[in-house]
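A, B, C and D are the chain letters, set down in written order, and residue numbers restart from 1 in every chain.
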């Protein structure tokens, strides 16, 4: 399945990408699994998305936990804790 | 001693007076004693200032309890619970 | 600090802007505007007259604001309360509080309103189709003020 | 309900007036304005850039306001949040809540701000004399939002 993956703020800068398409094997269905795939890229990806790091995710523009389901065509965003207001 | 006594809002209307000078025997020194003197007038005074009634007092423009001291020349106000804002 | 009791209307936006003007330490302005509603306690309200105790009002409001200033880190406060005859939709009161941080601004603004409701010498008389009536203090107003001392 | 994300400034007073206009049931308008301070976490702040996640922002703010509307009796709500480059003294955010009673207006206004701080996809990058830096979320912001679920 194909996901549109977005990065914001500090993570966008560190990872050096704002938006990409990520292809996952069919059957993978949780945000946590997308993160495993991204971490497997090594380098800054492994570092910034390490389990102890403080980041958040949204699936189709809704805040989502690591266990949230993902499907083909979903938009997944990964970003630091928000600091608006 | 002489006190300037003010009445406000519903109490001013019921008692039919906005301001008066009340003379108390020297040595009387608490708001409660002024109220006893006023109640002794009977009629609407006894009724409106009865112990169970809901009214407030201020001495020299500060909210005051029934035990607050009063002295010659003080301004004492008696009024219903406030309802501004 | 600005405390004003007046029969004239006020411009809430201008007051809020003035409160923060020229102080770049202000990160938060919490404000409250109280308005005359067209009904209260089951009756229509045609108009309302606000009576106060002039010699005491400014002093009572100042004491409430000072108490808030001891409790929270405030940069400036404006309180405006109207008196005289008002109609539904009219503004009655403005409390605006400037602080560096929002928690202080919110808490102080609500504290000042709660104390104003129980400590400042204002009284409302409503004109209704059934005749005039003095507004009674609500038990919830006493409770709202009491929770700050818990 | 009005929810706006914009790089332009807003007129807080006009928004507050518009919120209550024509509804004589409104007895209380609580509002909050957040502003850029000239210092933060020990550094001077020369300017700030607010980034957001455009497809999500409006939706996230709408969900927060809807949640407030389920919890309190609200008559209308306005939320305006700016994005782009801002300078000390500039307005960042406005939350204004109209209700019949002040307790609902205050609680909902603070609730919306607390949730906005932890749920709405905005990020601040400050320009300081020591260089640019992304603002970190404060633990107190998570705590402020969490207390509404207690």
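The working rule: a contact is a pair of C-beta atoms (placed from the backbone, for glycine too) under 8 Å apart; a residue touches a chain by one contact, two chains touch by 3 or more.
Predicted model, so just to flag it, every value in this text is computed and none were measured.
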Leaving out chain C, the still-touching groups: A, D | B
Shared chain contacts [chain B and chain C, defined touch]: none
Chain centre separation in whole Å, for chain C relative to chain A (CA means): 48
Rounded Å distance, chain A centre to chain D centre (Cα mean): 26
Distance between the centres, which are taken as Cα means, of chain D and chain C, whole angstrom: 23
Multi-partner residues of chain A (each touching 2 or more other chains): 85
Numbers and ranges of chain D residues touching at least 2 other chains: 34, 102, 113
Graph class of chain-chain contacts, one of line, ring, star, complete, other: line
Pairs of chains in contact (touch as defined earlier), listed by label: A-D, B-C, C-D
Touch list for chain C against partner chain B, complex: 34, 50-53, 55-56, 59-60, 63, 81, 92-93, 113, 116-125, 134-137, 142
Residues of chain B that touch chain C when the two form their complex: 6, 8-10, 54, 58, 61-63, 75, 77, 79-85
Touching residues (chain side chain D, partner chain C) in the complex: 11-14, 16-17, 20, 24-39, 88-89, 100, 102-103, 105-106, 109-110, 113, 140, 144
